[in-house]
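Before anything else, here is the set of structures, which you'll find just below.
Both complexes shown next keep subunit A, but they swap its partner, so subunit B is in the first and subunit C is in the second.
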Partner chain A sequence: MTLGATSDIVGTKTQGRGLIGLLLVAIPVVLVAWMVIYPIISAVVTTLWMPDANGTDAFTLKTYRFFFSDGYSLANLQLTLWTTALCGIILLVVCLPIALYLRFAKGRLAAYVQGLAIFPLFVPSIILSYAFIRVLGPNGMVDIILNAMHLPKIRTPYLTPWGPLIGLVWDHIPLTVLILLAGLGVVSDASVEAARDVGAGRFRVFWNIILPKLGNSILVAVSFAVLGIFSSFTLPYVLGPAAPEMMGPFMQRTFRDLYDAPNAITQAVISFFFCIVFGLFYVRSVVKNQRGRG
Partner chain B sequence: MKRRDFMISASAAAAGAALLPKMAFAAANRIDWYTSSDQNIIDFWTNIIKPKFEAANPGVTLNLVDAGDSAGLQAIEARAVAALASKADPQADFFEGSEARLPPGALEAGVYVDFSKAGLSNYSKLNPLAADIPQNITYRGSQVLLAYDTTKLPADKAPKTWADLVAWIKANPGQFIYNRPDKGGSGGNFVVRAIWEANGRDPSKFTVDNYKPETGDPMLQKGFDILKDLAPSLMDQGAYTSGNTQSIQLLSQGAVTMIPAWSDQALSAIKTGVLPETTGLVQLSDLALAGGFTKNTIPVNGVNKAQALKLQDFILTEEIQSAIITELGGFPGVSWDYVSKDLHDKYKDVIPASIPTWPGGDWDKNMKDGWYRNVAPNVDRNA
Partner chain C sequence: MATEGFVARPRIDWIGIAFAVVLTLVIIFPLLVVGTWAFANVWRYPNLVPQEFGLRYWYQTLARPDVWQAITTSISLAVSVTAISAVVCLPAAFAFARLQFPFRSLLFFSFIAGQAFPKFGLLVAIAGIFLSLNLIGTFWGVVLIQLVGTLLYMIWIPVAAFQSVDRRMEEAARDVGASPLRVFWSITLPQAGPTIAAAVLLTFVNTFYETEGAWLIGAPQVRTMPILMISFINNQPVIQYGAVLSVILWLPSFFALLFARRVISGGSFARGFGA
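The block that comes next holds the complex of A and B.
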């Protein structure tokens, strides 16, 4: 929120201070270049530039052709996209009301709700997975409660695509709520009260006053959730079905069990291109924000 | 340069210098031990072997590291191979749950100690069933068997042959589950047993170097067909857990009646109460499910090679071998003549006369990927 002030620190007021500023950003920039940008470039190059039948290196698309002609790989990609899209939608539906409540409610109950909403942040996903099996798994806690009430058992989501979906939504609630809550901070009490004074109902206030200001935060929240879910590993590994797999476990299995590095890297590059779309949304919104304030 | 800038860079350099040596060299008298095994084995080493060995060898410490699984262990072993070529320090002294033939080329590079020439005092006591190339040495064995709930399936009705087992699974839909073959040996060796069944029940047809796609894939496919036929009768019409432990969890929650399980994991689960006392164990008598002796290897270029050899000799002593039976529920690596007579008599019913094994390498890789492509999908789970 105070990007204007921070940019003064790296400003060019004196030579020495500018140098320190550059040194401070140099470390993260070098780290990103070394551990993110370079591997990406190297991955793209390795998958496009491979030895052909004669052993000489040449440009080839064979691993990509294999991926997009292999029904098994495509089913995995499709499941990943399905899980990601559905998770994004469910997260918004679940988190927006929580964030709105936390923005406008005061008092002790709101503090408890906030604590509960942030709680998943502190639960490691492997613990969550085993807890999930105990609660929602076959003959788990839910089944025991249903049985006590003489109701039929549920069809367990464990080992179906719904297992990781439920786990991932729960896991991503804190980050989404926090980002939306930060976005709601921009909405001033005065503007909400002014709208109420002229007779706007709850829904009108939300639709005409709050939502226009929140668009950016929703985009950021969804981008973050999507990036995390697309590349998730533990929850789909433990809770998901054997096939189709999500891209995370699929890549790991291709690389470590089959020793098939070229195809594993190809899967990574394909995942990367799907993620970059949402990464660009995020970058665009940050840049827009900065320009708007600068 | 200003004074403050100098201080920042100087302290950064000093911090870096303090951290570097630790990262670059293995410590003397600290055995860097890596394993591919499950948590019960790491617990056994942490609670039993480590304190006993360190007490018997003052000044030597054991650094126990979990490499995750066999692929993870091979990554560490590949480091030892690379270090041998460049005459560097591999930072590893002992590999538990290893295989000297892997990673490919390791044996030819001569990275592993030849135990027949290492002068171990207990070498002659090893069980002849565990005989292998001299770069592999064992200290414990275990086997996959079937664990079931005797309250739902009386022990005298438990299946004893593959045909009985298939008939039972089909007659009791939803009561059997095995894990994905790459995620744990209990499910993996169940898949292997189906492949053996389809190929004349002859494990000797599969060796570490005789896989060829044109002859091998049809042999595997015949096994996959058996498993595909079973899939609709499994839990949830074809669900597969993601590990040995998850299968045991489902059996303990009463969600299924029978699972394949490692003998040592099942016995320790019963001992700790994870599985109830009413859990029954049975082995198929027409051809047992695969199992094997766990192999250890020691790199020739480890800094603490002498201590690592001493450790291997130590775990073949009667004290540790008896603990493997009583604490771990495993089989001893030495002949049964070298464990105490009480134990020998108590366990004489489960002492295996033979343990069929499944080779690592290409067969294993194609069995696992073939299973994912052929058996796991193609099931309409909503039907």
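The block that comes next holds the complex of A and C.
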């Protein structure tokens, strides 16, 4: 989508049309400024300038110092980083082969595989959580089947760090596959066939022809996943352990149960900080894409 | 049936079969288990299938006042947010697509600013602002926070729709004397309509399932269906209530699936996410 030249379809006089345009976009722009940009700036400012002993606002790092000296906060941050990193890696390992298969396969079986890979988009996380417990939870479907085969029960991942991890991977499969598949669109059949003709094996073709062109899409897919997983709330809250907890439930509990807004907002700013590189890269790619289209 | 080339010989597509089997097990099977629970009157461990099928828990679930209250809350929230979003965003989308005004590009791309930040962190930052406005625990606080989440797609998708309308037809209509409003109503809207309808539907469905903003801002006063579902998972010993609620809760997604799958399978959807 590019914002190219406009035509005079609206039929107003050229003069004053700038004003009409601005008026039409005013409400959403004000909403974004007030509810996205202002809260971010405000979050940084209010956690750095707090009333001191005399009641006057002064520069302070005390909430940040507390976070980085508090063992529980650090354990939560560590769990979040562990989950995010592992999810990112598993997603690539799972989704790259699916995307490669879908790029080169045709026919009904490929359509079925694509349908399945996209399906989780249409399953809300909360239903996924419930299904997870019914299948992998204690006395769940897997236990029932193992029991029927006279095998021992599994050690359930429910309420362990593996619970949210499995759920988050499940949840992020569709968009990861779609982003990688769109990236694979630029790899031409001709270049792959040419490499095959000179005797390159599948791995060589992947490594030398496909991967160099896919690098950017992999980074976009990873950035998108990191932004979604780092501060995910529902799945870690329902499936994860009570302690340590991921940043999402941690922030929610600090804000709503402990009524400690300054520390909750500090945790939010810290999660902004950890994601900022991915966030900026992701937004840059989307903007570049939108500009380059049309 | 993979064709010649990278993946497989044209005979039997073993790789495809393997993917199909594994993905069916991982993605469809858990949902089938939930569906089975919803129609199980009695299912005691370790039976492979329920001892008794039936609709008993549908009657019991639908007789609960908290379920009906959650359904009403969720629908009124989703309708309010979608309606406000459409009223506010569609004229803006038209302006971005067709009018020339100062800072057009900058304002257009400002809608993506929020995507650079982890979502729940952003919600907590917004909640910090709401705290001083006494919007915590109110219906309109939840509407506002969910509205912000709809802006990006409610503007970007319709902008693409308005831009893909055939300009020559509009000009031809103008040439034979149609008024601007008439052109908009008879030429522009019918062409842009289906995409805009898809955007409205996706906004409704996403808002219906939005859990994090509703939980952070609304709970416990505003109880939507996903929030009720969380409390069923955490505190409800009767498994079937959650299963029945899951099936009811899935219905909007099912409609979205019917209407939007084609849109999503196309490459332009993924490109919207920066691919």
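Here, the second predicted complex is superposed on the first by the 248 of 294 C-alpha atoms of A that agree within 3 Å, B and C clash if a C-alpha of one lies under 4 Å from a C-alpha of the other, contacts with A are read in each partner's own complex, and residues count from 1 in each chain.
Heads up, the rule we're going with is that contacts are C-beta pairs under 8 Å (C-beta built on N, C-alpha and C of every residue); 3 or more make two chains touch, one makes a residue touch a chain.
Bear in mind that the values here come from a model prediction, so they are computed numbers and not experimental data.
In the superposition on chain A, A:100 makes contact with subunit C only, not with subunit B.
Residue contacts after overlaying the shared chain place A:211 against neither subunit B nor subunit C. In the superposition on chain A, A:121 contacts subunit C only, with no contact to subunit B. In the superposition on chain A, A:20 makes contact with both subunit B and subunit C.
Of the two partner chains placed around the shared chain by superposition, subunit B and subunit C are both touched by A:133. Between subunit B and subunit C, more residues of subunit A are touched by C. Residue contacts after overlaying the shared chain place A:221 against subunit C, while subunit B stays out of touching range. Applying the stated contact rule after C-alpha superposition, one finds that A:257 touches subunit B and leaves subunit C untouched.
When both complexes are overlaid on chain A, the residue A:35 reaches subunit C alone and has no touch with subunit B. Applying the stated contact rule after C-alpha superposition, one finds that A:277 touches neither subunit B nor subunit C.
Common to the subunit B-facing and subunit C-facing surfaces of subunit A are residues 19-20, 130, 133-134, 139, 237-238, 256. Every residue of subunit A that touches subunit B in the complex is listed here, in rising order: 16, 19-20, 23, 72, 75, 130, 133-134, 137-140, 156, 158-160, 237-238, 240-245, 253, 256-259. Interface residues of subunit A facing subunit C in the complex, by the touch rule stated above, are 1, 3-4, 6-7, 9-11, 17-22, 24-25, 27-29, 31-33, 35-40, 42-43, 46, 97-98, 100-101, 103-110, 112-135, 139, 141, 143-145, 147-148, 170, 175, 178-183, 185, 189, 192-193, 196, 202, 205, 217, 220-221, 223-224, 227-228, 230-234, 237-238, 247-248, 251-252, 255-256, 261, 264-265, 267-269, 271-272, 275-276, 279-280, 282-283, 285-287, 289-290, 293-294. By the touch criterion given at the top, residues 2, 4-5, 8, 69, 71-72, 180, 182, 235-236, 239-243, 246, 249-250, 253-256, 365, 368-369, 372-373, 376-377, 381 of subunit B touch subunit A in their complex. On the side of subunit C, the complex with subunit A involves touching residues 1-3, 5-8, 13, 15-17, 19-20, 23-24, 26-31, 33-34, 37, 45-48, 88-89, 91-92, 94-102, 104-105, 107-122, 124-129, 131, 144-145, 147-148, 151, 155-156, 159-160, 163, 167, 170-171, 174, 179-180, 183-184, 188, 209, 211-212, 215-216, 219, 226, 229-230, 233-234, 239, 242-243, 246, 249-250, 253-254, 256-257, 261, 264-265, 267, 269-275.
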